[in-house]
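What follows is a pair of complexes built around chain A, which joins chain B in one and chain C in the other.
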Partner chain A sequence: MSDMQVIKEAVIGGNAAKVKENTEKAVAEGVDVGIILNDGLIAGMNVIGVRFKNNEIYVPEVLIAARAMHAGMAVIKPLIANSGVREKGVVVLGTVKGDLHDIGKNLVGMMLEGAGYRVIDIGVDNAPDKFLKAVQEHNPQIVGMSALLTTTMSHMKATIEHLGAYRDSVKVMIGGAPVTQKFADEIGADAYAPDAATAVEKANQLVAS
Partner chain B sequence: MSEMTSYQRCMAAISWQRPDRVPVIPQNSDMAVALSGYDMVECSKDGRKLALAMIECQERFGYDGHMMGPDAAILAEALGCPTEYRPQDPPAVSGPALEKLEDVDKLKPINPYKDGRLPQWLRAIQTLVEKSGEKVFIIGRADQAGFTLAALLRGLEPFLLDIAMGEKLDLVHKLIRFTNECHINLAKAMKEVGAHLTTCGDAFGGPSIVGPDVFRDYVFPYEKEASRIIRKDIGIPYSIHICGKTDAIQEQWVETGADVFEVDHLTDIRQLRRLSLGRTSILGNLNTDMLAAGTPQEVETACRELFDVMLPDSGFILSSGCSMLADSKPENLEAMVEAARRYGAYGNGGVR
Partner chain C sequence: MRLPAGTERTETGGLDEMYTARERVLAALNHSQADRVPLALGGSWYGVTDNLYFNVLKKVGLEPSVPPFRPKLSHTVNYYDDRLLSALDVDIRHIWLGFSENGAPPSGGGTDNWGIEWVETEGYRGAKSHPLANATIDDLDKYNWPGMEGLDRGQIRARIQEIRRSGEYAIAGRAVNSYGLFELCCLLRGHEQFNVDLLIEPDFARALVEKVADVFYRLTDCYLDAAGQDIDILELPGDDYADNRGLMISPQLFREFFAPHWQRLIALIKSRSPEIKVVFHSDGAISALLEDLIAIGVDVVHPLEPLPVTDQAAVKQAVQGRLVILGGVDIKEALSGSRDAIAVEVRQRLANLAQGGGYIFAPSNHLQHDIPPENLITLYREASELGRYPLTF
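This part shows the complex of A and B:
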């Protein structure tokens, strides 16, 4: 098995110590940071995302894989700045006003991080103004909103409107159990994803467009 | 057959006797509070007001039972979790009570008659019993079951990581054993103040969150233990609510011996019915989205589809799949009650 394969498998298996050790080893051997990131860490999280989407694994398995991925990230983070690897983008992510569900949102955040994005997680129960403040402060490419209640979904529209002039420079991606593509179209969101793996695909499309 | 009282109808359903028709118990305390004109904070802190709101709602719509609600934070709060109050939403846990797993040793067993808002919930049940006692069925919710309460105290993600890492499993089990005892203590108090059935939520223990292996090792044994003690030693029927998916655990779930399962529309209701027939009744499972924003016609159709699966067997209570949203349409609740009256009769053919 190649070194990158070992890192990838260790991410999938949630073995943080092994990820750290092998990432350090690869760095010492002079492997390009971009390769470690893409072929090791991100590749592992991609597999996790697909398995979760297919109900082959559950929330704990995603959490432990994300933890292992972070152990590798911590090793390469100081090197990324000088390496020519650019972060894919910045995502401000939060659950909308009146809604305290965050399990799905957190998984989406982990998958986005695992795919090379910098995620600013603003937590739960965010009024439109909190999203706006976070956009002003962090200048993201994408705003991600989560809602699990039919009653709080309406705040997504309000938030999009509240972004005002910033709406031209940031893309809006939404999700959560009751949210649909149709709803996303209706409120003028740029993307919808039914699960965390698809959220990464959609984010990639958004930053490319 | 002459018409039964609501209480008799519900008892018949959960004990696999023949009711005259399908009983209806919506999970609508949020809605009851909203319709009453009280705000959620005052009802959460004053059990009498909560009960009055629930009684007013039951009298208006004429369904068969009170399902205690509205929040899932009451035990966690009494055990030290920070809890948020907002005027329109039920109280909710906003952080863990334990900094580290080792702190489980510092936890003190709850006293339902003294701690936090627990006495208010008991007061709510007492008020329900006083006002509608032997006629309407009263379900006391002994809040969250062992696994879910443990996750709230520890924080869900750290708790799931503790389990996935497998390093301190003795402490994990110690915590769940403790929280399960708290849950059982509350169930006991509910029986003492006159509830007819006691229920609990264990949503974190279902396949929307954890897999069947975690269910087998960390959820099932504790639900089974609670079921045994509450039904046999304390002597009150026991119900378990898992919202979200349940298909992957149903076969084992039936072995808990619980009297009732409460499930939502994500459950394969035919499969659950087949596996639990004659053993565990089903309460559910209308889609809460539909009840909130659908039409009465859609509700009627969904009820009739459910009756096709459930009848002519007993062991069924028509309900929402989970807590109904506070602003659900009243005409949808009316449609649900009406559907049971019109299409839910057991007739004279007897139950299978």
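This part shows the complex of A and C:
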């Protein structure tokens, strides 16, 4: 198995110590940071995303894989800035006003990071203005909003409206248990993702469009 | 407890026969059909949130409200009103233990009887901290697990007498705790960490689940002491193992960590009162766990949510005669719609789930305040009308 294959398999298996060790080894051997990132860490998370979507693995397996990926990221992060490696895009992610449920949002964040995005997680219970401020500060390509309750869902529409002129440059993706494609269409969101793996596919489509 | 007269005569579901509400429910619990599908509301996961409750009371002229059964107004659902249930032709009446109700954090936030700290926003609560986030196995022994003090047997007996005086209803015990094994461990430990524990620290996870299950066991024992001979149905603490697309943990992890403790709890209930039917709740697309639930002794499952990935009719057929379905009614879209939309929803659920009995009509989750009050009334009227056996659609 090649070094990158070892890292990839260790990410898939959720073995953080092995990912860290082999990433350090690869760096010491002078392997290009972009290769470690794309062929090792992200490649592993891609497999996780597919298996998760197909119900072959579940949330705990995704979480340990994400932790393993982070162990490798921590090693190469200081080197990325000077490496010429570009992130795939920036995503601002949060739950809407009144909604404290962040499990789904966190999973989406992990999957997006695993796919090479920089994720700005603004946490839970975000009024429209908090999303706007995060957009102004971080200049993302995508804003991701999540809601678990039928009663807090309505804040998604208010948030989209509040983004105002920024809507020209920012795509909005929404998700959460009560959210549907129909609702997304009604409030003028650009994409609806029913689960964390699909969120990555939708994000890829949004940044490509 | 005896099977009431009438349930054996239900094969044809003759409209002329008179059934009490309890007989109607027992028929469904025994996989048969009475004069109509029994209706449920006000259970652990299918109640009416406060604002909707107040709106409906106004609509049906029943103001003022009853006192809250959750004295600290600690939940989105704090009222249990027999008058409203009567107005809606609901066939079940609930009792509650008082553990979660009295041990909850005060309105606005605070610490509950498990030591979990809560914050409140717009009436909904979220956990602010996880008391066992950094715990080791040894810490679990030292943790201040909730005791049984403060449980009031007299109050439970009084509530049973109140129900008995009001009519012949099936009596259901609401869950002893607001959260089940998996969810409570997530709250105590932190959601992400507990999920990781299941794979990386299995000994810790096993020990934590056991500690929580032990408390449930003692609570259930107390409950049965007070009401075991009077209740027809007991709701287990609700535990979400699935989301909209499928299970959140593998069936193997469910079998290894959780099923044995649920089984232990159900065995306790059946050993004390064999006639009690046990209800298990999980949100989401839970179909892949139903055979496991049947195997550990679950009698009734709530809610079998109407999700794109769940073929309710096929699931019903697969478990017919072995597992009763409670719930199934969409609360996301249909109930905000027109009278016709509600009738379509009711017809759809009945067609999927009610054929041949073994079905109790109820919402898939608490009815939220975004539902117009007249729609709640319409929902139960339609169910009462359209649910007459034999079904004609």
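As a working rule, the second predicted complex is superposed on the first by the 209 of 209 C-alpha atoms of A that agree within 3 Å, B and C clash if a C-alpha of one lies under 4 Å from a C-alpha of the other, contacts with A are read in each partner's own complex, and residues count from 1 in each chain.
The criterion applied here is as follows: a residue touches a chain if its C-beta (ideal position, glycine included) is under 8 Å from a C-beta of that chain, and two chains touch if they have at least 3 such contacts.
Please read these numbers as outputs of a predicted model, since none were measured by experiment.
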| item | value |
| --- | --- |
| Joint occupancy of chain A by chain B and chain C, clash or fit | clash |
| Chain B versus chain C, judged by how many residues of chain A each one touches | C |
| Partner chain in contact with A:167 - chain B first, chain C second, else both or neither | neither |
| Partner chain(s) touched by A:195 [first = chain B, second = chain C, both, neither] | second |
| Partner chain in contact with A:25 - chain B first, chain C second, else both or neither | neither |
| First (chain B), second (chain C), both or neither touched by A:151 | both |
| Touched partner set for A:63, first chain B, second chain C, both or neither | both |
| Those residues of chain A which chain B touches in one complex and chain C touches in the other | 14, 55, 57-61, 63-64, 67, 98, 100, 103, 106, 149-151, 178 |
| Contact set on chain A toward chain C in their complex | 14, 55, 57-61, 63-64, 67, 97-101, 103-104, 106, 124-125, 149-152, 154, 177-178, 180, 182, 194-195 |
| Sites on chain A touched by chain B in the complex | 14, 55, 57-61, 63-64, 67, 98, 100, 103, 106, 149-151, 178 |
| Chain A contact footprint on chain C (complex, rising order) | 119, 121-122, 124-126, 191-192, 195-196, 198-200, 243-250, 253, 283, 331-333, 368-370 |
| List of chain B residues in touch with chain A within their complex | 86, 88-89, 92, 94, 156-157, 160-161, 163-165, 207, 209-211, 214, 288-289, 292-293, 325-327 |
